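There are structures below to look over.
In the two assemblies presented below, chain A is common to both, partnered first by chain B and then by chain C.
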Partner chain A sequence: MIALIAETLTGLFTPPFRRKEFFQQLYFVGNKSLVIVVFCVCFAAVVTILESSFHMKMVIQNDSMVPGFAALLILRELGAIVSALLLSSRVGAGYASEVGSMQITEQIDALKMLGIDPVNYLVVPRFLACVLGGMMITIVANMACIFSAMAVSQLYLGYTPSMFLTSMQRFVDFKDLIFAMIKGACFGGVIPLVACYFGFRCQQGAEGVGRATTNTVVVSSIAIIVIDFILSYTFSYLY
Partner chain B sequence: MSIISLQDVTVNFEDHTVLKSIQLEIPAGESFVIVGPSGQGKTTLLKVMAGLVTPQNGKVFVEQKEWITLSRKERLSVLKKVGILFQKNALFDSLTCVQNISFPLRETTELSDWEITKKAEYFLDAVGIPHARDLYPDEISGGMQKRLGIARALALDPEIIFYDDPTAGLDPITSRKIIELILKLKREKGSTIVAITNDMNRAFQMADRIGMVVDQELVITGNPEQTKNHADPRVHQFVRGLLQGPLTATP
Partner chain C sequence: MTTVISLLDQMGGTLMFLQKILRTIFFKKLKTHEIFEQIWKVTVDSFPTTAMAGFFVGAIMTVQFGLQLKEFGALGYLGALATSGTFREIGPLLIAFMLSGKVGAFTSAELGTMKVTEQIDAVRCLGADPLQEIIVPRFIGIIVASFFLLAAGLAMSVFGGILMGELFAGVNYEEYLRHVPLIVSPISILTGLVKCGTFALVLATICTYQGYTTFGGAKGVGRSVVTTAVTTMICIVVMDWMTSFIGDILLTIIRGYRP
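After this line comes the complex of A and B, so read on.
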């Protein structure tokens, strides 16, 4: 895995630079995942608002801080991590099965025999697309989250959008958005590395591809949660 | 002058020795055919020659250059002279037939798009599947996939071509046609061929010299006539397809 990471990072600065593959992957990661991610994070935001309100009312008999608190939670955690976990199951599983199938059908060997570095051809464009795509999806997911939180706050808690935004301004800083983008990029980068690692190591047969796909989703989800902890801990010193 | 040379090559997979102290010299322009029972290491031997498997011991030279010592740039220049047809064809399933042939040209040459397309169409014609131009590998028959694999292997005008079981799974008539195609292209290009097959008729049709991989070793059995009359009982049994003998059939 360390060797793959090193080769990928080296490949970022080693020609040929594969623009076509990069844009194809960016389309796959960004455009084709967006609807699913936005749909899911909106529901996550609604649940956050309702649960926060319920618990705040129970403890301090007042839910006026819910919009700000929820917005902070969305920007710092929810948008990035829910998006990344969804991407790991959609994009990561797709990559693992694609690369795994190429491995067992000797297409990877065919690439090598054509003088094409499989890491440069397969991993680098996917890595770049996922880093950039992860970052962009996190921004969009956060915006969708905030809007759905705003909508549910008005519908169920009676806070108007201007009240929501005022409350949000008290809690949320521009730094939160930057940190969310950094998280999105890091989570995005993990997914293709794990997927291609298991894809390249795929054993013969459909069972091997299935195992590579399962391992990718499990390991990348764990890695995302661990990296989330590390980044949150690091960012806590920067506020 | 040998274009491929193996010196004392040993390959182990985990704790299992697949090939032991293999010695082989293949002169330029020769058609060398590897035969042998299933699971004895024929494909591994081919992959060692092609640089896809690194032996634990011994040296592998292609065009007098040792694979393992080559820099990335040197390796690329040697690979441009090597073509390979894999056992399962290894066609890129996301690309159409013409794109499968264009792909190595696009990646490794400076040709214009027009020249690449023309050359790819020429090879599709040469292997007799011009009508499959815009079809995907999954949409064509096994025989056509073999032909497409051969066309891709030949796209860069290689000096050495490796064929891993080019007639596997094909009917006898198509098999014969494929071998005739391989030999026709060899005559036109003057390339060196290393091929694996389990079909002795096709081996005799194709080979200048035959080697049999058995019990971790490579037995050079000579030309087809010498192979038919070889004294080694394992060769005798395999060539004639006898049930009785030192070789045991793998289920």
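After this line comes the complex of A and C, so read on.
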């Protein structure tokens, strides 16, 4: 695993740079996952704001702080982690089954025969595309989240959008957005590394592909949660 | 247009498959031994994963709530709020995500492999019903095991929360747990359980359906696993919203007023 990470990182700076592959992967990560991620994140945001209003009412008897709190929770935590988990199942599982089937049909050995380094050809473009795509998807997901939270607070809790934004402004800094981007990039980087690691080690047969895909989803989800915890803990000293 | 039609086709296929499973459960003899075996297997396989995820979820929730509550000097409520938030909402959701990766993808890969290597057809040739022999034990196993896993995950989340409360916010464990009974009501726990049951039902249906309808060799198995992972996650998020919404309406009807 560590060897793969090291090889990928050195591959980032050694030519040949495969620009076409990179843009194809970026299209796959960015455009094709965007609809699903935004759709899911909107639902998650709706639930979050209703729940936080419920809790606020219980503790301090009014929910005037709800928009600010919910926006903060969305930006710092929810937007990044839910979209990363969705990406890990969509992109990660896709990569693992793709690379896994390449491995068992001996296409990777064929690449080696042709003198092409499989890490440079397969992993590096995916890694770059996921880092960049994860960052951008996190931003778009955060925006969608806040819009849907705004709509729900208008409909159910009776806050107009302007009240929402005013209350948000008190709590949210520009820093939060930057940290969300960093989180998105880190989560994005984990996914292809785990997926390609399990894809390269895929066993023969139909069972092997299934197992590689399963392992990818599990390991990348856990890695995302652990990294999220580490990053949250680190960032909490920087606010 | 074709995507919409194929989506509707998938949904209809899944629901009809669920109907078949339910009919098998109620009208045919249950294979008790196999069901218990599946429950045991699913629980043991996923236990470390869920426990670890739960631990970190509790820790993250405590750090985030701690940051916000510090501004108001309401750290006394930290434990209660983090625990309540985890029990009602985040815990079931994230644990269901974990299960969808672990159990859902695994089951669909297993069934898909059986399907493409024609083991399921072999079972049918021997005069047994594959739904009764293979699908129903897994279906019930996933649903029952998810409750055990939820309990384990939530218990670990409390431990994670206590640890982070001590380290990060300086709230010792007595202080952390003191307000918990005030905020976490039986209804909260019931909400979490209902959510978990719903997610498990959705998960079990989709993964067995996708595995059972796999075609096309090793590539087909990969494809059905990816479809399972994506579909279950989307359905879980949507069901999360729906259970919240319907639960809210039901509670309003029972109480007779909007809280």
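FYI, the second predicted complex is superposed on the first by the 239 of 239 C-alpha atoms of A that agree within 3 Å, B and C clash if a C-alpha of one lies under 4 Å from a C-alpha of the other, contacts with A are read in each partner's own complex, and residues count from 1 in each chain.
Convention: a contact is a pair of C-beta atoms (placed from the backbone, for glycine too) under 8 Å apart; a residue touches a chain by one contact, two chains touch by 3 or more.
Predicted model, so just to flag it, every value in this text is computed and none were measured.
When the two structures are aligned on the shared chain, A:V46 is found in touch with chain C, with no touch to chain B. Shared-chain residue A:L114: touches chain B; no touch with chain C. By the touch criterion defined above, A:E106 lies against chain B but remains apart from chain C after alignment on the C-alpha atoms of chain A.
In the superposition on chain A, contact of A:D228 is made with chain C only, not with chain B. Within the superposed three-chain model, A:F174 lies out of touch with both chain B and chain C [touch as defined at top]. When the shared chain is aligned, chain C comes close enough to touch A:L73, but chain B does not.
Between chain B and chain C, C contacts the larger number of chain A residues. Contacts of A:F13 after superposition on the shared chain: neither chain B nor chain C is touched. Common to the chain B-facing and chain C-facing surfaces of chain A are residues 101. Chain contact summary for the complex, chain B toward chain A: residues 47, 50, 52, 75-76, 79-80, 82-84, 86-88, 90-93, 103-104, 107-108, 156. Remark: chain A residues 101, 105-107, 109-110, 112-116 touch chain B in the complex. Those residues of chain A lying in contact with chain C across their complex are 36, 39-40, 43-44, 46-48, 50-51, 55, 57-60, 69, 72-73, 76-77, 82, 85-86, 88-90, 93-94, 96-98, 100-101, 104, 205-211, 213-214, 217-218, 221-222, 225-226, 228-229, 232-233, 236, 239.
Residues 49, 52-53, 56-57, 59-60, 63-64, 66-68, 74, 77, 80-81, 84-85, 88-89, 93-94, 97-98, 100-102, 105-106, 108-110, 112-113, 116-117, 168, 183, 217-223, 225-226, 229-230, 232-234, 237-238, 240-241, 244, 248, 259 of chain C touch chain A in their complex.
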